[in-house]
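All chains are identified by letter, namely A, B, C and D, in their written order; residue positions are counted from 1 within each chain.
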């Protein structure tokens, strides 16, 4: 049967659960097994979704019972798990960031060779219907030459300290989505300037807010504005300015009710609370695109090279924030 | 000098003050005198605006020093004051309603004869830039055949009892603006259905809210929704639905600031508080149109016949609300 | 097994397909069989959803393999199919209108007796998250005493002639949803005034647009504005006005992209095209509520009495539109 | 007479005309004379506004018939004209930028001494009702600690080449307003990073677009996004993000009409076309504040020191754009 894909999900954490549920609900996908060294966690998730589970991650990566693997393990395992699964002939949907170390990505890409085309990196926002619409309309020339992109991305609240400690910092953990989006909308980036802020003393990280200016090789500019907190909810906006017009995506809410009373008018509810809600349709579309490429043999996109490029930009941003200098990235990124 | 008009304002109350100030600020108008039997009130207003004042209303109506008269006296004087001024050769801008008695309007129109063309009735909302834009674009066919109009008009708070006692009721006092707007957008009205509500026991009037359905001779329908109170401020909206689209005018605010916080998003300020603020530009445009017609000799519009038609519709509405029956008005209105 | 319900769907037409898909995608529901006298239609739908099919409708209604039946057959079969299924011990989700004949509903209700509590009528809009939120917040007193409701409901385009011929007319077919919503928001209705329009000569029906004014027993008023066409898409709005504020639900779009260019600003996409898209979440929530009541034994709501009340209001509206008179419905409705 | 101020306007160009009209329409102001070396231009403007004119600028600056002077001459004359008028005891409303040369500003401030308190610099946007409301609400703590400001400011179309040649470049000519706004909202700025773009080959200037990141001494960050063109009209937005909420000012339009049809929904008109329209109320409020301080003897604000600070930031931005380096400005600005 060629129109359905059998999946293993590696990693029973928050993002693994998102993928597992999305697979369970997709008509062309079957969730076979959830694997996590923490067998209890794997079992809890698998039981809710009527799937098998195992604490033997390697067995799941190479199992004959699966066609595809979602790598949602901790970041340091992203590359080894991907290598193992691709080596066993699987298609791989790999979470971001691909790694915290650019050298390891290069080594992995060398080892993967042609197998790299079977790897999609989970830049889910590319598949958000609104962002995808902006991308398509901008590409189609509706607003003329794209000159400027503004990306605002603020989380509702900081993650726990434990998460932060291994996150690789705001640029590799959070900004990386926006860096990919900037590349997606503007093409290759030539240079990066970044400023970091440490606003909330409770947050044990170098920065909990950042502002970046990217210049593309075509001369277009992107601004990225990040924060680890946002009182009104998950703040996710993109605006693409061209010489003939602007395409803008505002925030989304769970209801369209508005209140008008003596304290104000047009009052709406909060933004969708976080990525599960805001990007639910994006995860579904991402999975659909992955399945479609896996079944047809087309190369996966966004590719591991896209993941590498975003990581290189994140490293450049970290350097710029530390030194105050604009960091050129052209050659590095466009390998 | 033919490009400026010298004005007397009759009536130093709230709406008289609006006109007096608008005249004072208009480059083609000169405020000569404010007249009110209550000389003290006339004096207070005139002093603030550097004009003369008198308690001799008739003298002002026929004074050689004025070219035009704004009749903002109590409703029962609207017709006699207008007759006197037109008889003395003046152009007249007459406040609504033209009268509370249709028969008196007919008599007055007979007496005015050709002089009626020098009388504008103060349906200021026709001159609101947004409403005028909707009217013009609908007339130009932008939304195809106009099929339905929805007019929402709610005052922020009921007027004082003294005002209500002589207002003629909600239909002649408040709805009359919306009735004129319905005619302006749809053409002649053939029948009226009205429902009145008495919601606030403090309001000493038959109704303090009303809902009307008007059918035009072309078959298009208008709904009018009125209330004497509105917690969020002066609620003034119009929506014109055609078979090719809808033109809608929403409420206006004094600032475009929006607040997004943990209690809600998109929160704006209250609507502009009342007619002075909401229709400030309409009063100025109305005066400009009046001056322009007066100087050129063109007939004034909206005319006293428009005032009569709106009054006939208000009477029909009152009858419908009392009896529950649909009231036909075609012939009556289209005299 | 107490946490899942086995379903038969009767009727393989458009709305039957909506329910069948919703059941297929619901974790607590199993689609067992699709039944339609047109076996081919039943087979096509069932095959797509991995269910059985039959052209023997009665067999499906009483089958031991099902716990619940969705009655989506043509309107004249709604009551007999419901009676058969309830007689066989099933819970029934019955499409609107319950019938085109009030007397038949009364007879059916008598025959059902206590079994009526196992019947839900498919007023799906009550389950729309935005409308349900407005209902809950209004009930909770957030806007004070509810004084006025405005319901705008316009289809994107008229249905085919064949459908219209058996639809029972705009009031029983289309307005019936809005009549239920008005009752839901305002409580029992005391009187109805309706005006019908026949705008599009292509539409072979008495009316293809209507405007209604309903007065509730509490004195609150509802306006309903309907049209069989709407150039910008499915136009579904509700506004509830109370003495302390207004709750409003605007139209929804599939994307939040806005375009600003030399031809205009804030330009959004069309409204969600029709009920499948606009009320997708409502159908899912409706099914969830139905399953929940069926499993717990709680009475279903909205009930067949709600269906009867909406039908009585639709009949009153038709009478009012024909005669021009306000029609009192209090006793009739509140049986 | 202490409640009115007699004005000379120096410079009969575009911005001089704005001030002259605003003075003519202000109840506490009298336009006495328009002065411009181009006597014909002065005469044309003065005639329209019923004022005197002269080509002898110095005579106007020191005339006994005036209490206050608006310096709207070409930038190189701003300082000498201000010195002359202050020396003659006048209050001065001086257009931005105060100069293109920081050293000359310093010399002028030394020479002015205490007289500097009688000089207002025309950063009109501080007086825009919406921006002023955001400033006041942010200062009052409504959104907690201010962490980030986003300022978008795009002109509808580039100025003529002749203007550009003497403008001092985008940072001193255009960004300077936004630099003042950033200081106004965030307090002193510590460092500046700027990126310039040259997008339109027709524009004979180093840059016709720019993106800046400013870090304040408190650690808050401002982003400024500028362009010399904007297809949808004058794009003027500010967003202030605090740890408890966001205050945002969107664009304004001349009408509130929205069109919904088969090509889109929520379609509004273009933004107010340019600064005359967008900031009309700001110019009036600015003049009112100037008159009020002049009559009471209070120091004018924004002061010449504010003008100097914005100029220093503009110079830092130009340096940063040229070198790619972040430029520290703390000491320089906070003289």
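Definition applied: contacts are C-beta pairs under 8 Å (C-beta built on N, C-alpha and C of every residue); 3 or more make two chains touch, one makes a residue touch a chain.
As the structure is a computational prediction, the values presented were derived from the model and not from experiment.
K.L.:
Give me the set of chains touching chain A intersected with the set touching chain B.
P.N.:
C, D
K.L.:
What is the chain whose Cα centroid lies farthest from the Cα centroid of chain D?
P.N.:
Following the centroid criterion, the farthest chain would be C.
K.L.:
What's the distance between the Cα centroids of chain A and chain C, rounded to whole Å?
P.N.:
From the centre of chain A to the centre of chain C is 40 Å.
K.L.:
Just give me the whole-number Å value for how far the CA centre of chain C lies from that of chain D.
P.N.:
Chain centres of chain C and chain D, defined by C-alpha means, are spaced 58 Å apart.
K.L.:
By the touch rule stated above, which residues of chain C touch at least two different other chains?
P.N.:
Expected reply: 143, 231-232, 244-246, 251, 258-262.
K.L.:
Going by the contact rule at the top, pick out the chain B residues touching chain D in the complex.
P.N.:
Interface residues on chain B, with respect to chain D: 25, 129-130, 133-134, 137, 142-143, 244-252, 254-262.
K.L.:
Show which residues of chain A lie in contact with chain B when the two form their complex.
P.N.:
Counting only chain A, the residues touching chain B are 231-233, 251, 253, 258-262, 264-271.
K.L.:
Contact residues on chain B for chain C in the complex?
P.N.:
Interface residues on the chain B side: 143-145, 147-148, 150, 152, 154, 191, 193, 195, 197-200, 209, 211, 213, 215, 219-221, 223, 225, 227, 229, 231-232, 235, 241-246, 324-326.
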